[in-house]
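Each structure below appears as structure tokens.
Here chain A shows up in two complexes: once beside chain B, once beside chain C.
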Partner chain A sequence: MAFARFFASRLLQAVPVLLGVTLVVFVLIHLVPGDPAQTALGARATPDAVDALHSQWGLDQPLHEQYLLFMERLLGGDLGTSLRFGQSAGDLIAARLPVTLWLIAYAAVLACLFAVPLALWAASRPAALRDRVVRVISVVGLGVPGFWLGLVLIEVVSVNWLLLPAAGVEPGLLGHLESLFLPSLTIAAGMTPLIVRSLRTEVLRVTESDFVTTARAKGLTPHQIRMRHLLRNALAPSVTVLTVNVSFLIGGTLVIERVFGLGGLGDLMLTGIDARDFPLVQAVTLVLAVLVVIVNILGDLAQALIDPRVEVQ
Partner chain B sequence: MTGPAEHLLSVRGLRLRVGDETHDVVRGASLHAARGEVVGIAGESGSGKSLTLRAIAGLLPTGVAVAGGDIEVDRVDVVRAGPQVLRRLRGHTVGMVFQEPMTALNPTMRIGRQIAEAAMARGDLSRSQARTRAVELLERVGFPEPARRYRQFPHQLSGGMRQRVVIAIALAGNPSLLLCDEPTTALDATVTLKILDLLADLVRDLGIGIVFVTHDLGVAARICDRIAVMYAGQVVEEGPTEQLLRRPRHPYTLALLRAVPTRDRDIDGLRAIPGNPPQRGEELPGCAFAPRCEYAEPECRSEVEFVPIGAGRSTACRRHPLLAAMAGGTS
Partner chain C sequence: MSISSSLSRTGVAAWYERRSRRRRSSRGADASLAIGVAIIGIMMLAALLAGVLSPADPIRQDIPNALAPPGTDGHPLGTDALGRDVLTRMLYAARTDLFVAVGAVLLPLAIGVAVGTIAGYRGGIVDRVVTGVVNVVFAFPVMVLLIALVFILGPGIPTIIVAVTLVSWVSYARLARDLVRRERSMDYVLAAKVSGLPTRRILGRHILRNIIAQPVTFAMSDAVAIILFITALGFLGLGVPPPAPDWGTMIADAQPYFTTHWWLAVFPGLAICAAGLGLSLIADGLSQKWNAQ
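Entry: the complex of A and B
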């Protein structure tokens, strides 16, 4: 099938990207000025301890040997050991990853739920009042800093109205939906305007196209034309906007995670950087990069599902 | 002869205006068509052919509005109809075929569904009946293996096949009037002939009427029973195809014919029409063609009228007897 072939080719294309990522992450540790082991252990570390870390990390070997060693470890599923926690970095990440994924997916879904109707509504009467209202909402949404909006939401919804939990994650599907609503909403508020803007522009462009005239000539209702002909053809560029946004979000949720006390991947990354925990930072960076690659593959697949012409290119 | 009341389509003195400009782009066009008849609208680019056609289906582009005149399709007053009546008209009575088969189809929807959807717009077919009808229509417009082709997307088809899909869509609601806007302009010569044959078959088999916009008199001669020649937003001459092309009664028709290459006239014999069509918004007292007309006289600048001159013909040229006297025109 054409679609399966398309999927396979996208996966193949990801291989060199992933190799590049491992290379960058590997080099990362050597970009730190001075001796990484010394930096990691601090100024007061004994020379013996520094030496031990050297050989543990393989820093006494030639560079290409080190990379091969690093790759061998990775392919064996070993993401290294955190200095700060004395625990496998993989385990630490596995414990934090779900919250972050939840947060990103939840925010993306909310953003789409807001953006699609808003964009269709605004585009249905360009330059009319509704169009301007949506534009003002968008500018406000873009302008408000996430941490501030998060704090206001906590203050109003959780503290004053006692509606939703202010911090932490509750177990279970419903618990997740409830406790992650405010942080996801905060993130979605920043994403929605960008999607609205691209979708509105596209809907207006597609409205002018010949096949919409064909659809009108068939005697379809405006609603049928919107849902069957306008939306799908206007969606592709917005999927790109969404993909780029989600890619930015990966590793970019740390502020929101801190504000809402969620302890996700972003939080773990901050902890790692604070503690100069090189193996942990390396591992988290690697996982984030892989996530970005996956999101982009998903974005491409979504494009192919929306527009049959994509497979052909 | 059918009286005007029995016409499937009648357009009288149609005026179309762009935005809030003070001058009309279509300035009193009149036209009629009966069932089983192909009526051509010919004329240079910008003469208002497409806008007139779109006005008939109530599908004017945003910014263009009817400023006067009447359009009646199958006893429906199109100019004064509300959105619901217009939708019904489009689903039931009128089908439209566009110039660009590459852009007239939704690129993300299977062609079969695009036809079935049009068949369902009438409201009297179930989903599966509409599907069956779409397959029948694909076969009717010349698709081999219609059931398999149902699932194809537009980009998998050639221009000629896409135009057949557009025609199938236009036929889906069982219309009595088909509006075609230069349906073959984007196609090469052999495909053009096939599409023209298909349309002629449809007129014969289904008894529908067709309004066929073209700037190609060769194409018009092949398919049209009658031709209306438009110049600067007006119909300047109208009549049965053969008589009109052999013995034009308007200098503009004559000029158009002289600009068409034929077997016994090579490129050197071609004569471009001198001058340019009027600018949009230009004041046009009297005959709009006067500045370019070799027969013009001072009176032409003051008044002209579109009048019947017998044998089912009409012209807007006050000097038509002179043209009639010139032995045989261009034939």
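Entry: the complex of A and C
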């Protein structure tokens, strides 16, 4: 019951943010210098075609009417029509979404596999050699550009060692796991330093708490304390750290998809940009922002399930 | 035995241990800072002296001498697919990328701290509006909103700085707001208020001075991300318009030649890594110093 109430109030909190997101996406088209319809169609477009696009996008109406129209279509599930593909943007996105979601989940899992042991290892002896090694790894790792690391990995692993596919997505679960490994690894490499830092701080905080002192006083070995008490209590903060960085994760996906030619949402957005396809770019931007909001809600829920002390602020 | 050792840890020994740990970490912080400042200083100096260090023209094409390997006479790092000198282009690219990064860090820092300070101090409706806007911008993945804005506003250096500012002022605003809210009920602020100082003076002279260290530290770690964003935009073809050199664009141009002429993509990539490393060392040093206090 308490959980249901938590869920409801968390959803309610998201409503104004989602409204704001739609407003920002709506305003985007009005930031285009000059006439967006003219820009989209090119200099040689006939005035009739420009007029037709004006009325299709509702640009001939007052601003607040336009927003209401935009929202009305949106709530009816209409994300607009792509100029480049002449198709509903919603359908295009639905077809590309699975690859992007795969990539995000895969990268998050890999990042945790690297970050959690590193953070625990570093936090087990603060200021000792191992702590400094982990610190150096994360300081160096922060500055490496993902798109470049991706290219280097393709060259070394795929071209030289002939180990993994260099581009594209193979069908099936195993095919996905194999062909998305390098792109996910690239994204995970960028995320790991961020997660390690926050997680190390969190674990140290837990280490200094009373229940760990109690466990130590009871005579548990450091290993037992780490496995039974620290790890479990470090789980909640790692979920937080992951959700805080999800926006970084999704942004990274966008660029890495282009490097590995994966044809997900990022690729769709960049194709839309090349074609000056405003409705498509708006739709992808909106969907990705909504994705961040959803992941944040899920993160908070997971948090509440792990740690009964969590409450909505 | 175990009792006596645990007792001694709580007393003088613990104090000594804490002090020596603090000293050790402060030495680490100084080292991080020094190396970071040295890296960034050398890169900035090289960027400023680009014309002196390498007299070649960064955009003049020389097709007959294209794709020369590093070590070629007159081209220490070789030439690209259009015969342009790679070292020269990297130096001019440093000028572009570091200049854009400075603008794209300082502007959001100034705007974000100003807005956040006012929101935190005023509270009420101002605070609620600012917090609402901040939450909405935070909902967008940074890179996605950045790409959308650069696309919408059109290419160019001013666009990139404006786009980064629109996206990243919110982090500073949130940070400054939280700091000021904690600060505003402190005795020294109340004393300043009672003595009749105008709000602008309280905010500017007293509160700002006490909170500014944290946003500045954050700005240094933000700068690492900004460098990566700018070069990623260049890589995607949305950055500084050609033929002006930028590390990201250089890597994108080198992509088809990676297998045969790897150095074309590797050198600019290493330059980005070096800039990133320098900035993140500075950020690391500053935050260690901040934590030690």
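What we mean here is this: the second predicted complex is superposed on the first by the 303 of 313 C-alpha atoms of A that agree within 3 Å, B and C clash if a C-alpha of one lies under 4 Å from a C-alpha of the other, contacts with A are read in each partner's own complex, and residues count from 1 in each chain.
Methods note: contacts are C-beta pairs under 8 Å (C-beta built on N, C-alpha and C of every residue); 3 or more make two chains touch, one makes a residue touch a chain.
Quick caveat: nothing in here was measured; it's all calculated off a predicted structure.
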First, second, both or neither for A:Leu220, with chain B first and chain C second: first
Partner chain(s) touched by A:Val24 [first = chain B, second = chain C, both, neither]: second
Which superposed partner A:Asn233 touches (first chain B, second chain C, both, neither): first
First (chain B), second (chain C), both or neither touched by A:Pro145: second
Chain B versus chain C as contact partner of A:Leu69, first or second or both or neither: neither
Partner chain(s) touched by A:Ser209 [first = chain B, second = chain C, both, neither]: first
Partner chain(s) touched by A:Leu254 [first = chain B, second = chain C, both, neither]: second
Partner chain in contact with A:Asp307 - chain B first, chain C second, else both or neither: first
First (chain B), second (chain C), both or neither touched by A:Thr285: second
Which partner reaches more residues of chain A (counting touched residues only), chain B or chain C: C
Doubly contacted residues of chain A, that is, touched by chain B and again by chain C: none
Complex interface listing, chain B residues touching chain A: 57, 59, 87-92, 94-96, 98, 100, 103-109, 114, 117-118, 121-122, 153, 155, 166, 169-170, 172-173
Chain A-touching residues of chain C, taken from the complex the two chains share: 21, 24-25, 28, 32, 132-133, 135-149, 151-154, 221, 224, 227-228, 231-232, 235-236, 238, 248, 251, 255, 258-259, 262, 265-266, 268-269, 272-281, 284
Residues on chain A engaged by chain C in the complex (per definition of touch): 16-18, 20-21, 23-24, 28-29, 31-33, 126-127, 132, 135, 139-140, 142-148, 151-152, 154-155, 159, 246-252, 254-255, 258, 269-270, 273, 278, 281-282, 284-285, 288-289, 292-293, 296
Chain A residues touching chain B - in the complex, by the definition given at the top: 209-211, 213-221, 224, 228-229, 232-233, 306-309, 312
